[in-house]
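One chain, chain A, links the two complexes that follow: it is found with chain B in the first and with chain C in the second.
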Partner chain A sequence: MTHKRLWTWLVLMVTATTLLSACGKKPAQTPPTTAPVAATTTAPVASTAATTAATTAPTVAPTAAPTEIPTVAPTATPVAGGTLKILYAQAITVINPYQSTGTKDLDGATVIFEPLARYNQNDELVPYLAEEIPTLANGGIAKDSKSITWKLKKDVKWSDGTPFTADDVIFTWQYCSNPDTGCVWMSVFSNVDKVEAVDPTTVKVTWKKATSNPYNVFVSNTGMIIQKAQFANCVGKAAIADAACQKANLAPIGTNAYKLKEFKPGDTVIYEKNPNYRDVANTFFDTVEIKGGGDSTSAARAVCETGEVDYAWNLQVPAAVLTPILAAGKCDTVAGGSFGVERININFTNPDPILGSKRSEPDQPNPILNDLKVRQAIAKAIDRKPISEQLYGPAGAPTCNISVVPLAFTSTALTCERDLEGAKKLLDEAGWVLPDGKSIREKDGKPLKLTFQTSINTIRQGVQAIVKTNLADAGIQVDLKAIDPGVFFGSDPGNPDTLQKFYTDLQMYTNTPSDIGLDSYFVSWTCAEVNSSKVKWSKANDTRYCSKDYDALYTQFTAELDPAKRADLAKKLNDFLVNDVVVIPLINRMTPNGKSKTLEGPTYQTFDSVLWNIQSWKRTS
Partner chain B sequence: MTQYILRRVLIAIPTLLVISFVIFAVLAMAPGDPLAQFALNPAIPESTRQLIRTQFGLDQPWPIRYVKWLTSLSRGDWGFSFSTKSPVIDIVWQRMPQTLQVVGLAYLIAVCLAIPIGILSAVTQYSIFDNIATFFSFVGFSVPSFFTGILCILLFAVNLKWFPIVYSTTLEVNSLATFGQQVRQMFLPVLVLVVQQTAALTRFMRSSMLDNLSLDYVRTARAKGLSDRVVVVRHVLANSLIPVITLIALGIPTIFAGAIITENLFRVNGLGALLITSINNSDTPVVMALTFIFSILTIIFNLIADIMYGVLDPRVRYG
Partner chain C sequence: MSEADQALDGRTTVTTTSALSQQLTTGIAIKPRTLLGDAWRRFRRHRLAMFGVATLLFFGLSVSLGPLIYQGYLLRQLEQEGMPISNPHPDLRALVDHLDFLSLMTPPNSIHLLGTDDLGRDLLARCMYGGRVSLAVGFVAMIIAISLGTFVGAVAGFFGGSIDQILMRITDLFLSLPVIPFILLTVYLFRDPVILAMGSPETGIFMIVVTVIGCLAWMQTARIVRASFLSLKEKEFVEAATALGVGTWAIMFRHILPNAMGPIIVAATLEVGSAIITESTLSFLGVGFPPDTPTWGRLVTDGSQYLQAAPWLALFPGALIFLAVLSINFLGDGLRDALDPRSRL
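And then the complex of A and B:
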């Protein structure tokens, strides 16, 4: 009796499961956020392809002879079409660049949007929506540096067929500078007094105060132009609260070579050829697919070993794992520029837990590290070679400078070879001597012990281990600490383990200038930026370093408008910090992106998206 | 029976409230910043971060945020995700199909494999088959999925090139070729999950069978002269399936939770992957929605399992 009923139940259960899964599938069959379909017909205009503009005036004192952008002249005759497959470790979650939560979102937006101009891999400006780069020479930049006038390309169309005008540029500023919009890049526009249209294809930006970097606004991935018609009602609180605006953030209309076809937030974006693009005849791929998720190692395998994808972003994998994968021979790494300098920061205040709430406060000097000789000894004892060779491989090169981009602004005066004997001598001079039979130096009976924190990351723990042995050789004991990245970088004022609180003697992380101006980069060692409980640890100077001489040099740098003199001052600032051992630069990190050997176009990037020239990517045979 | 179900449903409401409160409190107190990826970007100063937090409503104390969350939930509004700036429920629906396809299918296959293997193992206890089955189920038990997953990727995808590493969630199955593609891309993640789930179920099925095989009624059945096959299938199996079915029913909600590691490894990007990335990005509304849906499902299937127990086993009666 029982078994008959039992089998009935079993069958019922299986059916129920199937039904349940069928129910789950249903809603997804309605197409996920699709891009508005273009209304008008194809209208290819002006053959002024953005990338052919290698001759345009470089921004800041050109680094070398302007090298050509390596995207032209294909070796074989490729058959246009097909899908370009791109793999990202982090998935794109939103396409509106002003609502982005990470670089990956900006990259996803880059495929659709264009700014007025972009940086190429040599940090030179290339016009995109602009006709030419405004300079002092062509009158685009006002003599008093109080304004910049951009001439826009004529006959540019949005992917829905409507014309692109100066109003869209003005709107972009209005959208992002409204405090209620929650625009991530609001501070980029902070120096903008007003943006006005001289005529429908000319935009004039007036600054609140004269600036040395007029290319900060409407340029690169933080200055992409959004369509006024689509976002007009999304300024302020509506930006993310309104249902129509939520849709627009996920399916925006752009001017670039590709437009949105399908978007699954946090998973996959599919773009298709934009028929209204001004140079549609040269758009190579029919569709572009960016898939997110997974780990860097399998991403490297997918592009280098199985060849499933054409391009993989940020293969941050220890060299020992990456090298054999690269050996499969299907891919090249694209590495260069700077993703940031991995550095060890010195804490000039005392992080001793005994101090309680006075820990790492500016009025508590560090008992060990305020001695320049000790800092110099630490810098001399560190060996960058194994860090670079064993851990970073193609992902980084050793550097002695804290400021490595742009090249014209980078100091060449410093060397940083390991000098263990020199380090020992300096420590002896500073009074830290080795007692007989001991391996740790002492001074007044106190051992030379330091704490060293960083975020949890395979490579970073490798570096910590190397630094620990390096310093042990010199008689310094280092206690290591690794913190969850979400906490370490999280800037939560309630958490003791953030990098801003800096409750250890040394800490390591990467940082990079956000724009070519470098002002906002060098500011983070000035007295005004010193972190403390008073400012709720919201400032940028976590070393708590404060020097009148540095501040004076920095003020001089920000006031200077002449590029050549600025370059000179930038080098001086860099040398000042390194010579005073405020920071110990270790590695110039490069994002090693992987590209299939048959893909042509990807370059490395420092001040813009790595997909900055995606409109010209193509496949070769 | 109706009264029993009604009582259980009523008890479930305060349970869910407590669960949601606890999860909300834990998430509110956990460290993290939705803009952590831009942590050191000098172009995003603290003032901008503050504005964005205000826009997300994070400037209010968390008990108030919880009450707001609860009231909007009662209106059917799950809130919007911090990272996509769009309604949470849309994303959940979008992720559901791939999770059900991969994790659900793996569960179904695991059940279909585990029951016969468990029966055979028990009937032929200590035979070669039983030993091999035991060996493999211990391997499945003890080897974590990130290890079997990487092993499978290296062997089947990198060396043999039979299956892809990257799962495409946008693949539309509309022809035999695309169906083949779908089967190929599902193979590895399903395999990894099946190995794990079969292991547990096989052991359970086997021990449940062994418990029954030594009982008096089995001896009676044999004494009556019934064939071995009838004894095993009609009498022993029927009785030993009762606890196994309860276990299977209780396992169904875990399908909806996805498989965090396997989904991440093969880029299936289902609910499990959504949960872990949302936790990492401090995307509280998404984490709340997923955990809450999961709690509801767990309570529902617990109830179903209890009811089924009563139906299947005449000795269990609910008052």
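And then the complex of A and C:
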């Protein structure tokens, strides 16, 4: 009897082991879409080779392949047509850019819509629906900076064949600036006094007050022009409530090279060539397919190992996983600019749970971190090198600055090498001394303990581990906390774990400037933006930092219209924040996208959609 | 019954007869056979159960005493390698957090016996630390769930009537609770006060996690125990005990409960495994232990990312969970057979 049972158990054990290892692979390899599934079946073979290649020459592998690529002019071989396959980890749910719920929706809209102008990979403006970029020199921008006049391209047609006019531009402003529309980019239009048509192809935007960034409106992916004829009845509450408007949000008419063919919200969008596009002769692909779902790892495999797709968005994968995948050699990473700065924010208020509902309120100063020397010590003790090398790899570079784009506005004055002895000295000076036989510093019998939270993400937990060890070397104990990203970034006033409530001493996340002028970026450290229960934690300043000097500098910055002086002030603001250790910038994130080696066109964007120039993408041999 | 068993039986009879004859000749009374003694004898013959006990003992010793040996070894190796620990008073915790940038994602070798992860953290040290947490969570949650379930089931089954009705409806209520949202809610509500009361996040979270897991897993046991009690309370020995004037609680827990032990033990062993796994789910959702506490479940979750580049990161802790749960199931199997008074061997 026992023998029989023994054998049964043995068989069970073997089966279970197989299942276990299969289950382990599952989350990484079986995304809910068809494209990556196909990728999975072939992936193991390809990647075994990749792994061996990576172990022998991890740094050479990704760059070694380009030598084999024929450097023929793109006009020589490609035959136009076919399908451009794009894979996004998040699926598109709505195509109207003003109702979008994230970058993926804006990117989906970019294939159909155009703004007056877009930013290219060098953050320079390229005219799209506009004939030229208005400047002071050509008279497009008024001398008093109170208005801007755009000349529109003539003979532009919507994909339904009707002509595009200045009325559409005016309508776009009316649509989005109506508070009831629920337009996500309403704040972009907040400084617009009126938009009027000088003639059918000339639009004049008048500002409420003089602005330093007149290109804020109708430019880039936040300013795409929608058709008046289609959305005329959708201004105000009807935008979401009316059935016809809901339909329009999912099947809009645009002016770009492709028009909508089929849309399954939350899954796939298929676009086809727009026959009414002004440059239809040069549109390369017949159809474009954007598929959503899966995760970054399977996306990387689909573009680099199996060649299943031509382009994959956001390959935010730990360096150790990404390197062998890239080594398969079928893809190039597209990176550059900045995805934002990964930073540690310091809490200037006391997050001690003993305070109950008074915790992290502006009138409760942080007992440890209000001392500049302690903050400096923390900044000095952190080692950015392993964070960038071991965790981010090609997807990030160490930075000492909180503002890294545009380049002209970026400070070069700061250094941030690790200085452990310096950190220890500062802590000693601040009165936090190391008692004999202990490894944590104390002051007046209180241990130097900090709490540190971030969202759940393999790379972020790695950074937490490194920071914890770094600070432990200096005698600071750090208790870590990792929170579900949906909660952490969710800004739900009922949840204690949001980044706005900031119920810990330190927290880490990435933030990107939403406009090239940086006004809305630097505002988030001013006194007016301090978060508290009074404002339902809806403001931007989660550090609760409040300094008259910083506020004065910021006011000066927003009032300044001269670009050179603005750049200078932006650098000063950056240096002020870093020197006062309000934030500890760690990594300039350059999360790469992946493109097939046969695809030509994709560039990396900081201030616009990565699909900004999709009308000119083509396949090379 | 196999030949081996018959042979064993034969031998038992022989020993008993020889003991009897010895008693007759020498006049020295041999030890009488007891219920527990019998159980132990039967248990020892259950090979897989003995394997389970051995494995669990080995795990227990490894996570409690193992670090004492391994700590010194690892410290020496790190010193030689050139990445010594800066902490002047290193303990297992310091080893768990130590980042060895000279051996990143290395497969098992002489310095790191089970290899390292992408930050150079020693996997064996992490498995030992994780074992302490995971095994403790598993056993404590099991004890809570089984005590609660047995009590509720016993009372419901023995007294019957409206008490039974009320208790069983409560059981149904708990069974219909969506477990994960309920756990999330409980953790959000009580995390801060409990951590504050316990002094450290790790102990605080431990208390919450075991209580929550235990309090949401007693329903199956309650139903099993109730069913056993319903049938057992009609048996003659219960009538006899009642006739002798034995008190209600004594009848319940001294007379009936031992006879219902088999299924309870099976439920208990299953509970340990599911508690270890539930804990890893919680860690995965970010409401369990802090991210730097390497429980077995978390190690598997983290390692699964690197399954191709560094398979050992997920496979070793995965094998540990697998072996632990399997051994506990074997142990339960053996205990059930041994404690069942009807399965006389």
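Remarks
The definition used in the following text is that the second predicted complex is superposed on the first by the 546 of 621 C-alpha atoms of A that agree within 3 Å, B and C clash if a C-alpha of one lies under 4 Å from a C-alpha of the other, contacts with A are read in each partner's own complex, and residues count from 1 in each chain.
What we mean here is this: a contact is a pair of C-beta atoms (placed from the backbone, for glycine too) under 8 Å apart; a residue touches a chain by one contact, two chains touch by 3 or more.
Computed from a predicted model, the values in this text were never measured in an experiment.
Touched residues of chain A were counted for both chain B and chain C, and B has more of them. Looking at the shared chain after the overlay, A:N495 reaches both chain B and chain C.
In the superposed model, A:D479 makes contact with chain C only, not with chain B.
Contacts of A:D267 after superposition: chain B is touched, whereas chain C is not reached. Legend: residue contacts after superposition of the two complexes on their common chain; A:Y509 is shown touching chain B, with no touch to chain C. Shared-chain residue A:D180: touches chain B; no touch with chain C.
In the superposed model, A:T103 lies in contact with chain B only, and not with chain C. In the superposed pair of complexes, A:P318 makes contact with chain C only, with no contact to chain B. Of the two partner chains placed around the shared chain by superposition, neither chain B nor chain C is touched by A:C546. Comparing the two complexes, residues 2-3, 5-6, 9, 13, 17, 20-21, 24-25, 27-28, 484, 487, 495 of chain A contact chain B in one case and chain C in the other.
Of all the residues in chain A, the ones that touch chain C in their complex are 1-3, 5-6, 9, 13, 16-17, 20-21, 24-25, 27-28, 44, 47-48, 51, 54, 297, 318-321, 324, 353-354, 386, 390-391, 437-439, 456, 458, 461-462, 464-466, 468-469, 472-473, 479-484, 487, 495-497. Residues 1-2, 4-5, 45-48, 86-89, 97-99, 101, 104-105, 118-119, 121, 188, 192-193, 195-196, 201, 285-287, 290-292, 300, 302-310, 314-315, 318-319, 322, 326, 330 of chain C touch chain A in their complex.
Across the complex, chain B is touched by residues 2-3, 5-6, 9-10, 13-14, 17, 20-21, 24-25, 27-28, 32-33, 87, 90-91, 93-94, 96, 99, 101-103, 179-188, 222, 237, 239-241, 246-247, 249-250, 262, 264-268, 270, 289, 291-295, 298, 301-302, 305-306, 308-309, 484-487, 489-492, 494-495, 509-511, 513-515, 520-521, 523-524, 538-540 of chain A. Taken together, the chain B residues at the contact with chain A in this complex read 31-49, 51-52, 54-56, 80-87, 91, 93-97, 100-101, 104, 108, 153, 157-158, 161, 164-166, 168-170, 233-235, 237-239, 241-242, 245, 248-249, 252, 264-267, 269, 273-274, 277, 280-282, 308, 311-312, 314.
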